[in-house]
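What follows is a set of structures to go through.
The same chain A turns up in both complexes below, where it pairs with chain B and then with chain C.
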Partner chain A sequence: MKKNRALILCFVLPCVFSLLIMFLYPTIRTFVMSFFKIEGITDDVSTWSFYGVENYAKIFGSSTYRKSMLNMGSIWLFGGVLTLSVSLLFAVILTSGIRFKKFFRAAIYLPNVISAVAMATMWIQYIYNQDYGMLNTILKKLGLEGVRWLGADMKFWAMLVAFVFGAVGYYMLIFISGIERIPQDLYEAATIDGANKIQQFSQITLPLLRGIIKTNITFWSVHTITFFLWSKMFSPVDTEATTIVPVVYLYDTAFGGKATITRDAGAGAAVGVTLAVIVLAVYFIVNKVVKDDDLEF
Partner chain B sequence: MISKKNKKAKYKAKINWKKELSLLPGYVIVLAWIFFTAVFLIWILGASLSTSREIFSGEVFKFATGFHPENYVNAWESQNVAKFFGNSLLYSVVSCVAVVIISAPAAYALSRYSFLGNKVIKSGLIIAMSIPSIMIIMPIFALATEWQIKGRILLILLYIFLNVPFTTTYLLNFFATLSKTYEEAAAIDGCSPGKTFWVIMLPLVQPAIITVTIFNFLSVWNEFFIALIFANTSDMTPVGVGLLQIVNSMKYTGNYGALFAAVVIVFLPTFLLYIFLSEKIIAGVTGGGIKG
Partner chain C sequence: MKKKAVSMMLVAAMAVSLAVGCGSNGGGASGSGEGKKYDGVTLNYWSMWNSNEPQGQVIQEAADAFSEETGATINIEWKGRTINEMIATALQANEPIDVFEDGYERITAQYKDYLYDLTEMAEAANYSDHSFACFNEKAIEGAGFLCCITEQPQVGGIFYNKDIFEDCGIEVPTTWTEFLAACQTMKDNGYQPMALDGAYADFFFGYHLDRIIGQDAISDLAVNGGWASNEGVIQAAEQIIDFVESGYLAEGAPDEYPASQNKMGLDQDVAMVVCANYVVAEVNNNTQTELNWGLFNYPEVEGGVDPTNAYAGANSLAIPSYSENPQAAFDFIMFLTQGEWDQKMADTASQIPADPSNTAPAVMDGTIETLNATTDPLDWNMGMNDNADLKASFKDTIIRLFEGQFATGEEFAEAMDALY
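Here is the complex of A and B:
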C-alpha cells in the first residue's frame, strides 16, 4: 500500500499542478484583481490599490462596454434561434431515412474542424467581397445592385451569418445523437395511429429532445459569451462599435488596443468576472427552467 | 432500422419512389447547403492558383494565364507561412504528446485508486473545463513575465496545461471500463503497479488516446485567443495569428493569390485529417458532448 501511495502521488501530481497553476490560481487572482485599481497586467501586487466596486462601475458606465454587451445579446438571441433551428432541421432530415447520411453529416460538420481564422478570411475576402464576392456576383447576375456587406450597417449581420454557418454542424451532431436515442417503435405506433410527420415531430421528437435542447442552449450561451475570434476577424485593426463583444473589450482594455489610451487591468478583470458570472447564471437558470422529467425510454 | 427498410425498398420501385419523394425537400435543403460549402472551398482553391487581377475581374476559373502555383511558393516563403506552419506543428505535436503523458497516469490513478482528494480533483477537472479562458488569461500573463518564461516554450506549456482537464476526464471514463483482472494477473506475475500501467493498461486505452489526441491536435492547431496574446514575436506566431497578420498586410502587398494560397495551407492539415478520420471525430463529438 505504501508503494501505491508513492505511485498515486507521482501519477496525479502533474495533473493537480496544472489545475492549480492554470485554473485555480488565475481564477482567484482575476477575481481579486477586479476589486483593485491596477493599470498594467504585470504590475506588482504592491502597486495595487483597493478600489471597491469602482471597476464594475467604470465598465458598466462605459458606452462601449454596454454596446458590446448588447451585441453579445443579439448574437445570443438571433444567432441562437438561427443556429439551433437550422441544426435541428438538419438533424431531423438526416435521421429521416435519407441516403448518404454519413456523407451529409460529415460535410455539414466540416467547418468545425477548419481553422476559424481561415473560415473567416474566406467569408470576408470571398463571399462578402464587394468587387468579386460570391453574393454580389449573384446579385449582379440577377440585375441587382451589389451590396456593401462589410459596411457599418451590414457588418454585424454578415459576421453573424458567417459564424452561424460554421456552428450549425456541431449542434446538429448533438441533436442527431439525441434523436437517435428515441426508440423507433414510438414513431411506428404514431404512424399506425395516423399521425403525420409534422405531428410526430411536435408530439414525439420535440418533447423527448428537451434534455438535448437544454444542453445545446447551455453550449450556445457559453459559445456566445466567449465570442472573440469572429469579432476580431471582422474588424481586425481597429475595434468597431458594430462588431465589438465583451471579450474584445476586455482584450482592448487589459492588453491595449488602438482605441484605448490607458490600460486598465482592473477593469479588464471586472469584465472577466462579469462574464464568468453570466456563464454560472446560465448553467443555473437552464437547469432550473428547463426541467428534465427523467423520461425513461 | 430505417436505412435497412430503405435498402429493401430499393428493389420495390413503387414504395421506394413514394418514400424518396416524401424525403425530397430534405434532400434539396441538405444538398443546397453542401453545394454552397463546395463552391466556397473550390473557389478558394481556384483563387489560390490565380493572379490578383483575375480574382478581381471575377475570372477565377478561366485560368487565362495558366495556373499560378508560385502563389504557394510566395505565401510559404515571403509571407512567412513556413514559419507559422512550423510553429503550429511544433505546438500541436509537442503538447499533444506531453498532455497524454501527464493525463493518462492521472486518469488511471483517479479511476483505479480511492484516496483523499480523489473526488475533489475529479470535480476540479470538470469545473476547469467550464472556466472561460478570459478568466485566467491575465494572471497567467503576469506569471509568465514574472518567471521569465517566453518564446515558443511558453505557448507549448500553456497548450499542455489547457488541455489537461479535458484529456484526463476523457481518459478517466475509459480506464473505468477496464476489468481489474488485468492488474491482478500482472501482480501475481510479479509486475510492479507502475510497470503494469505503462506496459499493460496504457496500450488497452489506445483507441481513446487516439481520439483525444485528434481533438487536442485540432484545438491547438486552430487556437487563436491565447496565441494572439502570448505570441508577441513573429518567431513564435502560429498559423491562426499569422494568417490574421497576412490579411492585415494585404492592404500594402495586394497579392490576393498568395493570400488565398496561405488560407489553403492553413486549413489543409485539419481538412485532410478530417477526410480520413471524420467518422472517429464525429463519434467523439457526440460521445463527449452529451455528458455536458
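Here is the complex of A and C:
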C-alpha cells in the first residue's frame, strides 16, 4: 500500500506542479498586478508601484469598458437564449427519429470545424456586404431597399447572429448526448398515458436535461467571456466600440492598439480579475439555481 | 541480443541527432567563405512580416546576399504583426536578438531603454543623407538618441485616381473650398468623389480637425474632453455633415473595410480615399487592377491653424543594447534600407523607399516629395489616439458622423463629450 502511495504521488506531482506553475501562479500574479501601476506585462517587480484600487476605478470609470461589458452581457443573454433554444430545438428534432439524422447533425456541426476567421470573413463579405451580400441581394429581389448591416447601429447584432450560427452545432451535440441518455420507456409510458409530443418534451425531456442545461450555460458563459476573435474580425484595422468586448479592451489596454504607445498592464490585470470573478459568479449562481440532483433515471 | 544491439544503435543515433539539433550555432563558422568581414558572426533578426509576404521575401533575399558578401549568418524569425506583444518581454529577458522591426512610435516610446544608441554608427555611415529627416528627428525627440533606422516609410493624404481628375479637368485642390468644388465637378460628371471605410473614418476626421485646430489641440481634447466648447470641433463636424449631405461619399460609405476603398478598383468610378500609402497596394491587390494613382496633401481649411502637415509613420529597425554584434547588425540594416535592396523592397512591395535618393514606384508618385517636405509629421488619428482608453469610442462616434446620424456639429461634439 505504501508503495502504491509513492507511485500515485509520482504520477500526480508533475501534474500538480504544472497546474501550480501554469495556472495558479499567473492567477495570483494577475490578481496582485491589478493593485499596482505597471506599464508592461513583464516589467520587473521593482518597477511596480502600489496603486490601491485605482486600476479598478479607472476601468469602471471608462465608458469604453462599460460598453464592452454591456456588449458581453448582450452576447450572453440574447446570444445565449438564441443559441441554447435553437440548439435544443435541433437536438429534439434530430433525436425524434427523422431520416438523414447523421447528415443533418454533421451539417449543423460543420461551422465548428471551419476556422472562425474564415467564418467571420464569409459573413462579412458574402452575407452582409451592402452591394453583393446575400441578404441585400434577397431584399433587392423583393423590391426592398438594401440595409447597412455593418453600420454602427446594426454591426453588433450582425456579429452576434454570425457567432450564434457557428455555435449552435456545438451545443446541439451536447443536448443530443443528454437526450439520448433518457430511457425510451419513459416516453413509451407517457405515450400510453396520452401525452402528446409537447407534453413529453416539457414534462420529461426538459426536466431530465437540467444537468445538461447547467453544463451548457456554464460553457456558454465561458464562451462569451473569451469572445475575442469575432470582435476583432468585425472591427478590422482597429477596435470599434460597437463590437468591443472586455477581452479586447484588456488586450488593447495591456498591449496598445494600432499606433497607440500607451500600455497599462495594471488596468489590464484588473479587467482580467473582474472577468474571473464573473465566471465564478455565473458558475455558483447556475449551480444554485439549476438543481439536477433531485431526479434519478 | 540482436534486439539489444539494435536498441543501442537507435539510442546512439538519437543521442547524436539530439546533440546536433541542440548544438549552438552561435560561434560556428558560417562556411560561406574565408576572410570575409563577418565570418563566424550570427545575427538574429526578428521580423514583423511573414516569409511569404513580399516584404518578407525581400528581407530573406537581402539577408542571403549580405551573408554571401560578409560571411555573417542571419537567422530570421518571422514573428508577424503581433511582434509588439512579445518584443518588450523578449528585450527584458535579453533574448538573443540583434535586429528587430516594429513601428517607430512604439520603438521610441516603449523599447528605448533596451536599445543601442545608433548615433555614432549612423554618422560614420552618413545615414542622414540617405534617410528622411522627419523620422530621425521624431526618434531622437522620443528616445533622446537615434534608436532606430527607418525601413518602410508611410505617408498619409488623399490618394486619387488621376484618370478621373483628368477626365473631369480638375487640378489638384489645395483648399477645402477648391476640394468641395472638385467633388461637385466629379459628381456632375457621374463619378463618386470619396471612398470611405469605417475603419478609417477617424483618420479622415482627424485630418480635417487638424487643419482647423491642430494636432496639439486635438490631443488635449482627447485627453481632457471639452469638445462641445471648442468652436473648431463644431466647425469641422458641420463641414463633414455638409460634405456627406452633398452626396460626395461613395455609395454605401462608410462601408466595412475594405469594401469602399475596393470600389476605386472594382467600379473605377470612385475617385479618392483618405488613407496612408499602403491603400494603393491594397486596392491594386484586392481588385487586380493598376489604377493611375496620385497623392495630394489634405487640403487647407481656410482660417485653420495647420494648413500643410501630413501624417507620416514608419516601420523601423532597432538593435538591442545587449547585442554582441551591433556593428554587423547596423551594417545589415544599412544594406537593407539603402541602395539596391531598398529599391527592391519599394518596387516589390509597392511602398516608399527608405532612402530618398531611391525612386518611388509609379503608384507612389509624389510620396518622396511629400515626406521630404514634412517637418513635423502628424500622428495616426492626429492626437485622438493619445486617449488610448476612449479611442474606440471616438471611432464609433465619428463613424456615426459620416453615417449622417448627427444633424449639427454641436450634437456631434456633445456626443464626444458624453464619452467621458
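Quick note on the criterion: the second predicted complex is superposed on the first by the 271 of 297 C-alpha atoms of A that agree within 3 Å, B and C clash if a C-alpha of one lies under 4 Å from a C-alpha of the other, contacts with A are read in each partner's own complex, and residues count from 1 in each chain.
Criterion: a contact is a pair of C-beta atoms (placed from the backbone, for glycine too) under 8 Å apart; a residue touches a chain by one contact, two chains touch by 3 or more.
What you are looking at is a predicted structure, and each value in this text was computed from that prediction instead of being measured.
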Clash or fit: how do chain B and chain C relate after the overlay on chain A? clash
Touching partner for A:Phe255 - first (chain B), second (chain C), both, neither: both
I'd like to know which partner A:Val113 touches here: chain B for first, chain C for second, both or neither. first
Does the superposition put A:Tyr128 against chain B (first), chain C (second), both, or neither? second
Answer with first, second, both or neither: which of chain B and chain C does A:Arg263 touch in the superposed model? second
Output check: A:Ala189 vs chain B and chain C. Expected answer is one of first, second, both, neither. What do you get? neither
Could you tell me if A:Val237 is touching chain B, chain C, both of them or neither one (first, second, both, neither)? both
Of the two partner chains, chain B (first) and chain C (second), which one does A:Ile41 touch, if any: first, second, both, or neither? both
Residue contacts with chain A in the superposition, chain B compared against chain C: B
Mind working out whether A:Val277 is in touch with chain B, chain C, both or neither, as first, second, both or neither? neither
Chain B has the stretches 55-63, 91-99, 109-117 or 145-153; which one runs into chain C? 145-153
Both chain B and chain C touch chain A; at which residues? 41-42, 124, 131, 236-237, 255
Chain C - residues contacting chain A, complex: 84-85, 88-89, 92-93, 103, 105-106, 109-110, 198-200, 251-252, 254-259, 313, 379-381, 385-386, 388-393, 395-396, 399-400, 403, 405, 418-420
Note: in the complex, chain A contacts chain C through residues 40-44, 58, 62-65, 67, 124, 128-131, 148, 150-152, 235-242, 244, 249, 252-253, 255-264
Give the list of chain A residues in touch with chain B in this complex. 3-5, 7-8, 10-12, 14-16, 18-19, 21-27, 29-30, 33, 41-42, 89-90, 93-99, 101-102, 104-111, 113-119, 121-122, 124-127, 131-132, 134, 137, 170, 173-174, 176-178, 184, 197, 212, 215, 218-219, 222, 225-226, 228-229, 232-233, 236-237, 247, 250-251, 254-255, 265, 268-269, 271-273, 275-276, 279, 283
Contact set on chain B toward chain A in their complex: 1-3, 5-6, 19, 22-23, 26-27, 29-30, 33-34, 37, 39-40, 43-44, 47, 55-58, 60, 102-103, 105-106, 108-110, 113, 115, 121, 124-125, 127-128, 130-143, 145-146, 158, 160-162, 164-165, 168, 192-194, 197, 218, 221-222, 224-225, 228-229, 239-241, 243-244, 247-248, 256, 259-260, 263, 266-267, 270-271, 273-274, 278-279, 281-282, 285-286, 289-290, 292
